[in-house]
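By letter and in written order, the chains are A, B, C, D, E and F; residue numbering begins at 1 in each of them.
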Amino acid sequence: MFIHKQTLQYPSKPEKPDADYARKLQEVIGGQYGEITVAMQYSFQAWNSHIPGKYRDLLFSTAAEEFGHIEMLATMVAQLLEDSPLGITEKAIQDDPAVAAVIGGTDLQHAIVSGAGARPFDSMGNPWSGSYVTASGNLLADMTSNINAEMQGRTQVARLYHMTDDRGVKDMLGFLLARDTMHQNQWLAAARDLQKEGNENLPVPSNFPRSKEHEEFSHQAINFSDGEHMAEGSWASGPAPDGLANFTYVETPPEGAPMNPPTHPDARFYGTTELPNTMEKVAGRVQEKFNKE
Amino acid sequence: MFIHKQTLQYPSKPEKPDADYARKLQEVIGGQYGEITVAMQYSFQAWNSHIPGKYRDLLFSTAAEEFGHIEMLATMVAQLLEDSPLGITEKAIQDDPAVAAVIGGTDLQHAIVSGAGARPFDSMGNPWSGSYVTASGNLLADMTSNINAEMQGRTQVARLYHMTDDRGVKDMLGFLLARDTMHQNQWLAAARDLQKEGNENLPVPSNFPRSKEHEEFSHQAINFSDGEHMAEGSWASGPAPDGLANFTYVETPPEGAPMNPPTHPDARFYGTTELPNTMEKVAGRVQEKFNKE
Amino acid sequence: MFIHKQTLQYPSKPEKPDADYARKLQEVIGGQYGEITVAMQYSFQAWNSHIPGKYRDLLFSTAAEEFGHIEMLATMVAQLLEDSPLGITEKAIQDDPAVAAVIGGTDLQHAIVSGAGARPFDSMGNPWSGSYVTASGNLLADMTSNINAEMQGRTQVARLYHMTDDRGVKDMLGFLLARDTMHQNQWLAAARDLQKEGNENLPVPSNFPRSKEHEEFSHQAINFSDGEHMAEGSWASGPAPDGLANFTYVETPPEGAPMNPPTHPDARFYGTTELPNTMEKVAGRVQEKFNKE
Amino acid sequence: MFIHKQTLQYPSKPEKPDADYARKLQEVIGGQYGEITVAMQYSFQAWNSHIPGKYRDLLFSTAAEEFGHIEMLATMVAQLLEDSPLGITEKAIQDDPAVAAVIGGTDLQHAIVSGAGARPFDSMGNPWSGSYVTASGNLLADMTSNINAEMQGRTQVARLYHMTDDRGVKDMLGFLLARDTMHQNQWLAAARDLQKEGNENLPVPSNFPRSKEHEEFSHQAINFSDGEHMAEGSWASGPAPDGLANFTYVETPPEGAPMNPPTHPDARFYGTTELPNTMEKVAGRVQEKFNKE
Amino acid sequence: MFIHKQTLQYPSKPEKPDADYARKLQEVIGGQYGEITVAMQYSFQAWNSHIPGKYRDLLFSTAAEEFGHIEMLATMVAQLLEDSPLGITEKAIQDDPAVAAVIGGTDLQHAIVSGAGARPFDSMGNPWSGSYVTASGNLLADMTSNINAEMQGRTQVARLYHMTDDRGVKDMLGFLLARDTMHQNQWLAAARDLQKEGNENLPVPSNFPRSKEHEEFSHQAINFSDGEHMAEGSWASGPAPDGLANFTYVETPPEGAPMNPPTHPDARFYGTTELPNTMEKVAGRVQEKFNKE
Amino acid sequence: MFIHKQTLQYPSKPEKPDADYARKLQEVIGGQYGEITVAMQYSFQAWNSHIPGKYRDLLFSTAAEEFGHIEMLATMVAQLLEDSPLGITEKAIQDDPAVAAVIGGTDLQHAIVSGAGARPFDSMGNPWSGSYVTASGNLLADMTSNINAEMQGRTQVARLYHMTDDRGVKDMLGFLLARDTMHQNQWLAAARDLQKEGNENLPVPSNFPRSKEHEEFSHQAINFSDGEHMAEGSWASGPAPDGLANFTYVETPPEGAPMNPPTHPDARFYGTTELPNTMEKVAGRVQEKFNKE
């Protein structure tokens, strides 16, 4: 159950309107790594969790916080749009190249569709998609997905920090950056706990029987390009992170297996087949089948 | 530049047709964590890379290998479909519940659209999407994304391993599982190298000036739910993974800031505003503007 | 700010596993009119609201309740999947047509992707999309959108009610149906209040200056088909709901205006133009421009 | 059957080119509430209709009219683009900030893809989607969806009216606004007729047996936020619009039901489970199953 | 302008219900090459046409016919669903594997969302998308797109013909196949006319100045794979279809140009750069910029 | 199997940065007819091919070349972005309308998401979609799709050629134009070979039994619009391209068949039905069914 409180976790107030920047902020609302993604991702991971206790509690808590971050950003967007020229301006103003340039950079749906309000879309106008969410039930995989989400998200917020001079906006972004720092750290700690406490290990999933995978290929760094430096990484020799074997380096891909001959499905799929006379036979067979029907 | 060779990295040959399983395999061809995703993701990371040398070489190499995995899986799908009942069957067969059940589980576009061939779609029929790709230019973030992709991918292949009895299919999956093991290990090693060699560190991005984020919130585990076990994790006390501070635990969210008052954008957006008499004034103002036009 | 509580608004417990039904329930989680849609829609309407007070309070409250409904349904889905055959079954069982039929009707990503967990997708596997959300800033339009969402949603839940015999599921649906009844009623009441208190009226938006629309067409029922009964509705004569005029009926569409001649954009768009000799001239002109460059 | 006539319902001719405005008009061609949506929505509602006579006739008629509106708008877009700078300009012009600003606001696919023609896309470049269409078979729900579509559509056209000074464009928009007024009115009248003639009533669907829903929750305004004004609406007391009961107000959500314990699906989904030693047992069980295979 | 007539171009009446087949027919309503695609494609090509006269007339005519084909198919779908078990069945029936198998193959949204009506979606449940439409303004390219659309469409209808025994359905498909034959022929004829009358020629676009393309590569069949038979096609020697040169065969790709060194964008994008000490310098520079702000 | 080589097929180096143009180039990377589409399309056609030998060899070869073209374009985009103002600029610069105009035209995700790198998206920010791919198994249909793809693609590149003055960019485009010329020619030659060698003929699919289609409609040019010039095309008289009959012209559509009466599915779908008293009966029947449950 979720309860809403009419306060914001942190003040969210710009100094002045800026419709171009409002559009940019949409990325961290409704983009691949925006706040809707993390709020939904942590929620579904909690609902799909097979473990009660600390991991699920952490997921529920962080999910709820992230819903509040959508709110802070949506509030900010609406204020940045409040007194902006969004295409509705006097003619004189529209003819000013500076204003025209600003309008050229706005999200047109902020003006036409939401009437100066925020939207569940990214900075290029793509709607948020449920396909951004990862919740596999395997917690070490999912924690790694969360670490990545917070790294990508923090990188995006850091970039956005340099795209404005508005102190109100920067102040709020400084807060979000701090929370992203925390969330990166907490999912790293959770991944560490999972491995330390033996719930899951490398490679994920760790309890798939090793004998069933072709282990001779499990630690081979095979070079499918012609880069000379690939062998220099710690992935080409020495112990692998999963502790199960040493890496070996294979300079060029082994020969491989012969390709299968092309398939010949039922003639009634009307695929193009090998030879004209086969074709006629096929047509004959099709005809026969029709005659029987 | 890519050069194609008409051999497969590993044999890809089923014992018998199985259209239902062909549909399931589509997930690891064209799904969120399928082979198209990793092939494209590693390619774009290489093209966007700001570092020459071992990381870029590794990315190019693995990208090329993954394109070959799409090929192995597409080949397998076509063979699984080759002699399957895909809806084109004699009436007698269609009335057999066992056959009907099989047809009910197939990908209908395998029959109607591709004529018993593979498609760049997932197991539920969603087309592969460019939005599955992550390539931010920040290599530690991107390597973490890659680790996650290989963990999710290997988990999916492990599940698929249990959904068939076909030895040919299982043999090929055993190979893919091994390569996923390698790829998990290699990206983990790459992330380790990046940190050891000082290219990037935690939290990502590591060279954003710390003084600009509100550090007082950077290591606080604030509980936004009422789970009693959240404080038990290593994320609630002790040193954080980034080594910058100790975690602290905050049992309930602080009060927060008051919500901003609602916005009042230009009346010509026709948003609904506060009071009827204000409304009239607004209408009056709109009318005035019209009169002037 | 959102606070999470680890209780459910109403018990959500099936009597027995049913993977086919779990897939059906996904429609009201992640479909066009599922709970994610209403939770997000009411949230964005609240954040974009230009009026403080009762309307915004109602929107925040209902949004928070709907997030809890996603939770109830996701919980139900995970339980329906818990002990279901999801493709991972012994060979003997897979060969049973009854089991095969069940598996044919399941969401394959429940098995392969989420490992028996709920997903932000609809019953046919489409990811939830931000484009399902309506939040225009015009409250009478948005309340009408909400009424529709609750009508469509309640209709879907009513249909789902007849697709199961599980008493646990039916009990929870009976609760959701009741809340949909309430929400239909409340948005109808809100639309009524908005009009009574003069914030907005018909036609929406009501303060667009009437003189600017071509009023001679504003109440004409023009028949563009050949149905003989169109004139029988109350939309063909008598006073219109907006109270501004009487409807009139026009039996066949008036003649209309002549079509514009085709456009001739810049030749360097390489569109196909009228006449070969014009074409040559165009090519000549292109060539000239090139020569100048 | 549809017959095309080479005339337009109303003149559609701009005074001058304006590529930025052409992009804005795409919203009402291919957006969520654009003309393609209503044309398709009314068509599918007619085709799915369970009632012959006046409702179906009205749906067919309005659908055909809306196809004509797509045509008027597409024609307008092509003309607005005809002589516009769309990126193909002499260098001198491109360096003029005013021209650059204009180009910055254009739909790039107007230039690159359609060669100065209209497209079935919205103003931010999203393709029109079949998921915008509502056609449930329940006519009162669908008429409400139609009222909403015309309200949102008319609001968007009203906003667009203020984003141009072109008299030709404004003239055509004045016509579309009038038809939107008509269509709002007609669907309101149709919803009224349906209720008056007893085909459908509130709450929708009205013939779901009331005893099956948990009626004690059907008229309760429960506050899930902390807004003090929620109780002031007519939704918190007095008779509900469905006439079945009075509203009551519940100030805070009741306690709720305990959360279900986490699920434990088949170990071969490789979800992360509770305890390491359980884990070992699980791995053991998996191994056993493998040994049997 | 479009006028609707309440007759069908050809009878559309199945002998008996068949919900599984109804789902299959959705492919040719709302799929990539379904009737919505061709109706919309020909409409947009007509609206974007730069030539009046016979080509535009043909486009308008065929577009209108295709809208009528959507209608025929939607009507058929609704009838196939009318008395089908769609999940709403007595328990006894649900337990029958034959019925369960049928239900497993249905479109669940036919039951839950449209209440036994057609939808603008394909057979796997993907919504129709505006991105299926091609209308470039270059008529020879677009006619080729149309030929392809009719070839793909006719192939799909031919496949569907073999997936049913219903004589009513087969009768209607026999009609659609005939019209697809006509439409393939007419677009081929139109492409032929365009070239004969000199409006457009090969390669498209034909009036791009030849001297601007690197003609030495314009007729080279370069083999990027190791297939031995590539040289056997008429594309490897002899005159090319555009009549401008003879084909030549190049057995392996030429060496190519060296890859560009990696880019180094502004440090404030926080991409990972080459060397740790560079990194420090970068961080220093970022800090400096901050100090200045 | 694919092998990567760290060279480019042709030099890809701009003279100067140009972020606006980088965005435009995204169209031919990740758009409907961009290089990802053709690379994937030719790959899937090869994997689904039912013929070994020259056609499959050609498909594999061209697929591999196109993957290299994605690489050339992605490399170019990264370089165009390298030193561009992407929103991260000093305040003074941001206030310059010329710079603001440039920024208004950029792809915002180039700055925020990829940190000045290329993306698998089109010029309007839509992710590349698997639904762009055509691979039906019918080679004549698929070759026609390929001809179209190369025509559309070459037209787009030709347009892009005129949108820049950068000699480095133009040089690379001149190369791509030449390869598009080759690819148009080769698919035309392949389609010619297929017909000459009898693998496939017109109309596609050519071995569908002619007697099963209603041949009386197969060569009729029926006018569904009122254009007077439709009869002037070679599609209205004379021999049809398939050689099976002469075209005939039908000036207005024949009367057609009566529409089917509306459907009446199971009352538990809660569709709105004809008459109130029927409605009551329906409700009664629903109630009865409930009583039995």
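Everything below uses one rule, namely that a contact is a pair of C-beta atoms (placed from the backbone, for glycine too) under 8 Å apart; a residue touches a chain by one contact, two chains touch by 3 or more.
All of these numbers come straight from a predicted model, not from anything done at the bench.
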Graph separation of chain A and chain E (steps between touching chains): 1
Both-way neighbours, i.e. chains that touch chain E and touch chain B: A, C, D, F
Same vs different contact residues, chain A with chain F, by half of numbers used: different
Cα-centroid distance, chain D relative to chain E, in whole angstrom: 24
Length of the line joining the C-alpha centres of chain C and chain D, rounded to whole Å: 6
Contacts with two or more other chains, residues of chain B listed in rising order: 1-9, 32, 48, 52-53, 56-57, 60-61, 63-65, 68, 75, 78, 88, 97, 100-101, 103-105, 111, 113, 115-117, 121, 124-127, 129, 131, 136-138, 140, 155, 158-159, 162, 165, 205, 208, 212, 224-225, 227, 253, 256, 263-265, 268-271
Category of the chain touch graph - line, ring, star, complete, other: complete
Of chain D, residues touching chain A in the complex: 20, 23-24, 27, 31-33, 97-98, 100-105, 122-126, 155-156, 159-160, 162-163, 165, 224-227, 253, 256, 261-265, 267, 269-276, 279, 282-283, 286-287, 290
Contact set on chain E toward chain A in their complex: 155, 158-159, 162, 165, 268-270, 293
Residues on chain B engaged by chain F in the complex (per definition of touch): 1-9, 30, 36, 40, 43-44, 47-48, 57, 60-61, 63-65, 67-68, 70-71, 74-75, 78, 113-121, 127-131, 133, 135-138
Residues on chain F engaged by chain E in the complex (per definition of touch): 5-13, 32, 52-58, 60-65, 68, 75, 78-79, 81-83, 86, 88, 111, 115-117, 126, 129, 131-132, 134, 136, 138, 140-141, 144-145, 147-148, 151-152, 154-155, 158, 161, 170, 174-175, 177-182, 184-186, 188-190, 192-193, 202-205, 208, 212-225, 227-230, 232-235, 240-242, 247, 253-260, 263-266, 268-271
Chain A to chain D touching residues, read off their complex: 1-6, 48-52, 56, 87-88, 91, 94-95, 97, 100-101, 103-105, 107-109, 111-113, 115, 121, 124-127, 136-140, 194, 197-200, 205, 207-209, 212
